[in-house]
Amino acid sequence: MKNTFGQNISVTLFGESHGEAIGAVIDGLTPGIPVYEERISRELTRRRPSSSIDTPRRENDNFRILSGVFGGKTTGTPLAIIIPNENVKSSDYEYGSARPSHADYTAFCKYHGFEDFRGGGHFSGRITAALCAVGGILLPALEKLGIKIGTHILKCADIKDNEFCDFERDITALNSAPFPTISSECGKNMTKKIKEAAENSDSIGGITQTAVLGAFAGLGEPWFDSVEGLISHAVFSLGGIKGIEFGKGFGFADTKGSESNDEFKVENGKIVTKTNNNGGINGGITNGMPIVFNCAVKPTPSISRPQNTVDFIKKENTEITIHGRHDPAIIRRICPVIDSVCAIVISDLLASRYGNDVFLKGDKLCSSD
Amino acid sequence: MKNTFGQNISVTLFGESHGEAIGAVIDGLTPGIPVYEERISRELTRRRPSSSIDTPRRENDNFRILSGVFGGKTTGTPLAIIIPNENVKSSDYEYGSARPSHADYTAFCKYHGFEDFRGGGHFSGRITAALCAVGGILLPALEKLGIKIGTHILKCADIKDNEFCDFERDITALNSAPFPTISSECGKNMTKKIKEAAENSDSIGGITQTAVLGAFAGLGEPWFDSVEGLISHAVFSLGGIKGIEFGKGFGFADTKGSESNDEFKVENGKIVTKTNNNGGINGGITNGMPIVFNCAVKPTPSISRPQNTVDFIKKENTEITIHGRHDPAIIRRICPVIDSVCAIVISDLLASRYGNDVFLKGDKLCSSD
Amino acid sequence: MKNTFGQNISVTLFGESHGEAIGAVIDGLTPGIPVYEERISRELTRRRPSSSIDTPRRENDNFRILSGVFGGKTTGTPLAIIIPNENVKSSDYEYGSARPSHADYTAFCKYHGFEDFRGGGHFSGRITAALCAVGGILLPALEKLGIKIGTHILKCADIKDNEFCDFERDITALNSAPFPTISSECGKNMTKKIKEAAENSDSIGGITQTAVLGAFAGLGEPWFDSVEGLISHAVFSLGGIKGIEFGKGFGFADTKGSESNDEFKVENGKIVTKTNNNGGINGGITNGMPIVFNCAVKPTPSISRPQNTVDFIKKENTEITIHGRHDPAIIRRICPVIDSVCAIVISDLLASRYGNDVFLKGDKLCSSD
Amino acid sequence: MKNTFGQNISVTLFGESHGEAIGAVIDGLTPGIPVYEERISRELTRRRPSSSIDTPRRENDNFRILSGVFGGKTTGTPLAIIIPNENVKSSDYEYGSARPSHADYTAFCKYHGFEDFRGGGHFSGRITAALCAVGGILLPALEKLGIKIGTHILKCADIKDNEFCDFERDITALNSAPFPTISSECGKNMTKKIKEAAENSDSIGGITQTAVLGAFAGLGEPWFDSVEGLISHAVFSLGGIKGIEFGKGFGFADTKGSESNDEFKVENGKIVTKTNNNGGINGGITNGMPIVFNCAVKPTPSISRPQNTVDFIKKENTEITIHGRHDPAIIRRICPVIDSVCAIVISDLLASRYGNDVFLKGDKLCSSD
């Protein structure tokens, strides 16, 4: 379905970086969900470039809800939300020279030269603002069901943040942190490294870590719609992400079953696991423990150094120096986007299991798992 | 869509480990594709437990094609293939005690106790035989278009295999290798380690590496159906896989843009990249270079040591010692399954771009990318 | 999705008339639904040719459930059911001469000559046996929720049956009637007409009428998944059906709004309509009244008279006389198939609204509409 | 998928009658299709109320394309188009009294009172303007492939228009006719009848007839995506339509196979049928003849006479007299909407068979059928 994701609660994305507006249509929403415009704004703010380590392109993100909300609540019919593009400088871009590790050349292969190439067009990170707007609607609805989502930078350059410790507290803190790390000391050091990279006309990557707290046991499918499969499918939409691992992930390669199996126990009348190496998922299905996953984020491909490349129209070698405006590291700004993408997946899983009216059911859900 | 994957060429899986038969329905196949029963057998054989390091459960995998093939070729209508279950010993399993890191407990949460729990039921690795049968049909069809897929064990215990070097040669060798490593020396050492684990009543994990050679440039979508997204969605169906990375993957976290960007060049009149850190995918879309990805495989959860766990019916702590028959490492047997799953994704991407009759077009496809 | 229908409860069909077996995979079923083999047999019997007015091809329909049922109840994982083809006489068919109003020529256009043409292949009415088997599972599950489905022959030749009067009683009677009319007198006269047509080497069409009793109010979508849209989509799979109308249908063309609007009233504390010209659906959504629709069934295209046609291989005019075995009217045998198809749609609508576990909820559902 | 229709070329609809804007997102479009704003305007004009027999609500339909078009051509990424709502008079509507045969009550059952009820909300015929905008993009793209679509009023009150005779000429004439009939005499008489109904505070229904000329042979699927199934699914989204028949449709009930079978012949080297009783479709698949279908349109439920009804909030009987602005017959305005809906289905069928780039292929398509 290309630009649509989700079976029962689905999101359709549209827009280009330098077009009139970007936006999203959310379908399948339970009627009666409160829509908080200030929460949408907050999610957009978390993603927006703001500090000296971000691209100088600044936008107000004055979103407008065109449909699907009435009296401050969802109607149950498609909710269309658009964000006009404001601060557009198309002259920064010219067509034909493929920016290395960007989608210029692959877009040409796919769209035969008809693509809107300005600012990366439909491939631009700009489109993720629409995802954050969607998150601004879904995240508080999930919170009402006791489900919280948060993402921090686990690693950037050679600095490693703490892992999640007190999920509840950490997620709350992350959702209003200007720089999303659990240790603020680490955050400062990462910022320094990012600035250094920028001064060096370079860019850096990193690893994010996301936790979903409170997801009921029993969500997901053995084939093919495992929770890992759905989250990864959605998350890999984000151009900069090149890897994902759940729980111990690639660390499993170095362990034995006797070391990494998650033993069960009964705790306060509830079945839990002693460790959470499987990241809350067994056989593709949630077991009630926090869902935990890490994403590998590549360095922003846009760097202001000369790079060898080709002109794909002329089919000849050439050199490119990217001017324009860009981030030396997208890892800070990608965190709220992952939260939003994750909220889409979890909402859809809930709707598939509990039906269209899932967000109206509240406490009744918890007791049924 | 749960047990169905793929938009234009889709696969529906069914079956339980100890039921009458497992199987698959492939829909959307181009009419006129030759179906080679010996190739289906070969793919089943690659996956089948065979040596001293595999589970002692042995099956003949006497598949039967029920529909969709006429005169040795696909008809274009749904191809149903079943594999009867033969060597079934249900007494090995009892219900209620959750095997740690298995799906017993999550299946109970999802299916309320109605699941066929014998041998892991629908969660069993047994179901992957049906995927290999599908691969036995799709892989040769892709090969006719010049697309080859191969998987080796990149890492097992602390032994690391060589990376792909000559893709064409390596893939060909892997597809008939009894133990899928590029270096046969490494393969022997890995086998030794797996035996040691088994003798120790333990299990081990590892990392696989897969290459898709010859995929045309221009496949995939920016949102949401990136090539990474589709492959990961399909691959995470396999219960033992807990991580996936494309190209440099998690290694990107330690690099700078200037080090890891893939510069383009013209080579023999064709646009290629000098390095392939992005694993053949830019902005979610194939760039014509080999698609390369690694999967993290966890140690088989079944180990014949006592483990603490719960009885989820009685909701009380208990202990379990798994007898039954199981693999000390599934990593050898998962390689052909990944090839097959990957063949489904690539076939579907081709059909979405080039239409229903994609496999009849042959050379015409190549020239259009 | 071609051979798959349904969003949350979906059915995938496969098989050819003269292949090894036909079958279906039902996915998304609530775990714990009792599966009554005798009910499956009964639905197959209702569809099976049996009397002098049906094709002489007779099959035992010895279905086998391969997966998805454990201890007599659904597991919640895909239920695969197959029916071997037994009484096959392929010599009756030869390739190239297009039987008028059959799919021979269109199959050739679509499948380029690779189609299994024997006995109509995948286009054969034989495939509807698999639909009836599905109905044999879904219909009793719906009945437990108070939803009943029945179909009678409203018109055949120039004989018109009574309309539904007492839905409950009529549906019950129809489900065990050897010839599905409300007035048995009408049934006898229709049988006579069908025999006359057969003696005359001809065939006749008719109109069926279906009622769904007890469907809760609030099912369906305004765009695009109206109840009319979903039912018609599914029903038009049946090759012989060329028209469908809901409620007054084409009769609306001759009425005024003041005559055909369905006024509401409160009756025994329940909101109902005084008339049911809209067939239980307003704005695409059920209103709680019986869903009523009629289908136009064309005369069986197979007639044993010489007909002009073409040989589509040679692209030249020719003549054909169809021998083989065929029904002079499929209208009797299509009634249980419509019931089954309708059961798929209603089950899926319920699952979409009330969630995956819909059939476990019983009385709780009724109170929520 | 609710408000999304189509597999490879899909349309997502959003909007409410009295909200800020309505709109559509078209996904899967071939890049490089010219977008003619004047054609979009023309399709919107055909649908717009304009004469004395239409609702007095008048809107400029100043559509805006937000994305997916660059340099006057489609980019291949989602095309979002919105139409602001301008002439809104919400005071005409009050909540609780169910207008008979409207969706007020069913919307309440489905959306629990959260629906935007003003002007029918998401159920309003207003939303069809977005469909016509989509038609304004797809119809000229189809015309370039030689495929033309036209709809006329076959019957209104007791007046019957001529059937299609010269398809090419009739469709061209209909597409610019102020009142869509083949005989202009009939059109005048129908207009008179509609005025009479209006003067009488009443409304009338009718039957439309649509033809698709030039659809290649071989489109559609035997199960479940027959051409009849897909067209009917899409067409039944239109609230006023309650029946559909293909070719002879319900007329088949009164014929014999010997009378109504469509014999084939070779004509100018092309295989055609002598008659077209099957409306261009055999076994669910196009045979190359014109696709012809009729739709039953019910009288506009809004009539300005007192009607009995219920207040569904208070659950008590009441009376309603609808003031507001409404059409005495929607049949004139529904014709261009059916054309647009039909264009979506045909475009999607073409993309499914010939691939994503279908509209770039032009002549190459014709030769392949």
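Chains: A, B, C and D, in written order; residue numbering restarts at 1 for each.
One rule holds for everything that comes next: a residue touches a chain if its C-beta (ideal position, glycine included) is under 8 Å from a C-beta of that chain, and two chains touch if they have at least 3 such contacts.
The model shown is predicted, which means the values in this text are computed figures rather than measured ones.
When the C-beta contacts at B-C and at C-D are tallied, the pair with the greater total is C-D. Chain centres here are means of the Cα atoms, and by that rule the chain farthest away from subunit B is D. Mean C-alpha position of subunit A lies 45 Å from that of subunit C.
Separating the centre of subunit B from that of subunit C, both taken as means of CA atoms, is a distance of 38 Å. Here the spacing of subunit C and subunit D, counted between their Cα centres, is 26 Å.
Within subunit D, the positions touching two or more other chains are listed as 1-4, 7, 13, 77, 110, 122, 222, 357. Against subunit A, the residues of subunit B that register as touching in their complex are 1-5, 7, 13, 98, 100-103, 105-107, 109-110, 122-123, 127, 155-156, 158, 197, 201-207, 217-226, 228-230, 232-237, 239, 241-258, 260-266, 269, 271, 273-274, 277-279, 281-288, 296-303, 305, 307-310, 312, 315-317, 369.
Of all residues in subunit C, only 1-4, 7, 10, 12-16, 19-23, 25, 27-28, 31-32, 64-68, 70-71, 73-80, 82, 110-112, 114-116, 121-122, 357, 360 touch subunit B in the complex they form. The part of subunit A that touches subunit C in the complex is made up of residues 7-8, 77, 222, 351-358.
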